[in-house]
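Structures incoming, each one as structure tokens.
Look at the two complexes coming up: subunit A is in both, with subunit B in one and subunit C in the other.
Now for the complex of A and B:
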């Protein structure tokens, strides 16, 4: 049911936690019954310099939070903005139908990060 | 004697736990002493499994000086370390797993008022146990094998991972037909009345759902002055919390009275189920309104001020569940529910524990399941709809 990628990021996440005085902060999720992910990030010279998350939900969404953080750390916001939907989908590897909603979560995380960066004037 | 029977069965590859789960009637017919022996053997084996397989849990046990070697009598079961239910909501809930994530077959969840989902993960063996256990209990208490189910809740297609809906949906497999009446977060009571009329004289009609949604339906019937008359073999089956999103408690007696008046059923046809997404136990009302705990699961009711102390039957306390069916995570959990075990013997003659749900722990910020959010959403939508028709310009 779970790929090695998802299992590794769920069982041994590298980015769970909080960022002190984050430049960016956002939360995504379904208020009725869905997954929730809160992300905090620091930005230096247009690059994500530090990032942490907390997630509540299914194993795949928790792993998705970790995969997202790993992929954007030390990456320029401009480069993150240039990712295509296909590239974003590929970041989660092969998924079962019941895990596929996490592609939407990952896409939303990208969009929220960039929207928050714009709001805060760091991009 | 029980131990000998189990070890003989094991010689033929039969699993004592699966035998017990499939045989609620035989267990309820046992003496209290025999049933205690069954529970002790199964729970001790489950404890040994999690102690051996789960590092996080084992470390907690070692800290408390409890190991499988220290569990030697039925009374010792009360010393088994308990997992507080809020750990299922934590973002590092992976530490609760006694099996690898790759062995997890099903994730189920429940979301109460906090909006933080409680996620329970079940391996194949646990799913087998839960499915066998739930169906065997449904058969024991409802004897349903036909009829039509009016589900006053959303379908599992709309919310596939919700434990409450999944458990209720399993009942549908025993019926001839069923309809989910909450679609896209909308409930139209007129449609429910129409559906019941369509099934009249074709099927025994059952109404199934969380108490709030059935209560919502009854409120409509009351307002429209409609009094239905369900069938002799009908059931009104509820599962879910009895506290509304507003904090208001729904009175069970008032609910029953209104079911009798507006749905045309007798008291023995109204059955509530107590269940938790984190556990595999179900406790179901019998025909006398007494809720029987799955006979292979032990409910240990604790003094909330001294959680190491069990309170006497009849006294209210905080519920701890010792569930041997859980193989992927320790089934030994401290809930946030206040319950009392009924003293004496059961009116139906069944052995084992009978419980009465009292309320959620007052200090618990969390209550309800997905139904409580749905109840709120339906209220919000009704408010929106009514404000849209308000003739005042704003």
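Now for the complex of A and C:
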């Protein structure tokens, strides 16, 4: 079963798509279940100004991509970097055991965004 | 049950709704509280109910009432047949033949006997068609083979196994045969005495009866060890006061099925032909998993994969957005380090992407041809949306 949070973001995602000339781009994958998520973002003055993603995976994984994008849009990279593991886990709400791998996906999305921001010199 | 409520239900192999006649039979039984084992006058009604119920189920299976023992369902019947046949041999454990595509209640029971008592086991792999090759069964036979346990029709692909040939091989060597008939009874007419298997398991909720009741057909009832000791119920083979409401429901379901199963089967064939024809028109790469011909697979079942789509996400979309229920071949595991792929599709040799894209559609007596058209339209819309979501430049 899916929580309303997961169901809403899966059924009606707001951030599926592409960013033109993205400042940041990364792709993560779960080698076990094969989920893949690609994120593109624009950054203005240290803040994520645009963001979009595409995903191939289970419903919870697709929803995770959308929840991530929604949470970082118009947010300073420094603030994103200060999120704790507990805060990140709480972003997905209540999960069934079979959906817990998405916490790792969400954590990896945070790490990849910040790593890419450092590589591109925007943080 | 309102037809409208079932227009999106395509998971009849998982379970079926109670028919109205079954509901009425169960309600009627509720006021009859007496214990059918009692000799009182009050109990005569329930004694008669039990007797007639056994006859109704026997008519469905074309066997005698004495060969029908009620159980709590298919899993119990599978456990009973296998354990009661083999535990008397536990001091001299021999060889078991089964297949890699059985229901867990067979696979795990055989695994238990292997681990606890030292039985040796051959688990036959299916061909790409989903069927076990009869020649492989014959090649697996050993001088000490004590039981062959094989399903009649597979729950995921609907593929019918060569049970008649297996029984012939076994009978020629004096080997017992157990057939898990859960997915055939209610979909095809069966004649268990003609089949010749020693034991056949059935489950009522697969043919519009209630959950929690089934039966074991026993060819020679005096040849099987009791399942539960301690009472005279079920000819002394399964102690415990009978669940007469469930049995009354199963009996009514059996009566309905006896008279209607040929008509239902023909309807399923029409549904399957329409679904396959429409799927082949869709602008996706769709591959059918296992044999689809209705002579070699039950007509109510179709298993297929859509390339590039994760079936778990597609099934969630169909369910939440369209009210359509299907089953899938792969799901996320509770353990991050493992996957839950269909053991049936894996044994058939399908690659991982195809298993992850596998959907099982199963029809029932309430499925309308118009429902198939709606299903295909919604499938196309949801698949297109998921493919667009995952399209990475």
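The rule is short, and it goes like this: the second predicted complex is superposed on the first by the 120 of 123 C-alpha atoms of A that agree within 3 Å, B and C clash if a C-alpha of one lies under 4 Å from a C-alpha of the other, contacts with A are read in each partner's own complex, and residues count from 1 in each chain.
We adopt the following convention: a residue touches a chain if its C-beta (ideal position, glycine included) is under 8 Å from a C-beta of that chain, and two chains touch if they have at least 3 such contacts.
As the structure is a computational prediction, the values presented were derived from the model and not from experiment.
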item: Joint occupancy of subunit A by subunit B and subunit C, clash or fit; value: clash
item: Partner chain in contact with A:16 - subunit B first, subunit C second, else both or neither; value: both
item: First (subunit B), second (subunit C), both or neither touched by A:78; value: neither
item: Partner chain(s) touched by A:57 [first = subunit B, second = subunit C, both, neither]; value: both
item: Partner chain(s) touched by A:115 [first = subunit B, second = subunit C, both, neither]; value: neither
item: First (subunit B), second (subunit C), both or neither touched by A:90; value: neither
item: Subunit A residues contacted in one complex by subunit B, in the other by subunit C; value: 2, 7, 10-11, 13, 16, 32-34, 36, 54-59, 62, 98
item: In the complex with subunit A, residue positions of subunit C that touch it; value: 308, 310, 312-313, 316-317, 320-321, 331-334, 336-340, 352-353, 356, 388-393
item: Contact set on subunit A toward subunit C in their complex; value: 2, 7, 10-11, 13, 16, 18, 27, 32-34, 36, 38, 54-60, 62, 97-101, 104
item: Residue numbers on subunit B that touch subunit A, as the complex places them; value: 89, 91-92, 94, 97, 100-102, 104-105, 107, 109, 111, 115-117, 119, 121, 159-162, 185, 370, 373-374, 377
item: Residues of subunit A defined as touching subunit B within the complex; value: 1-2, 6-7, 10-11, 13, 16, 29, 31-36, 54-59, 62, 98
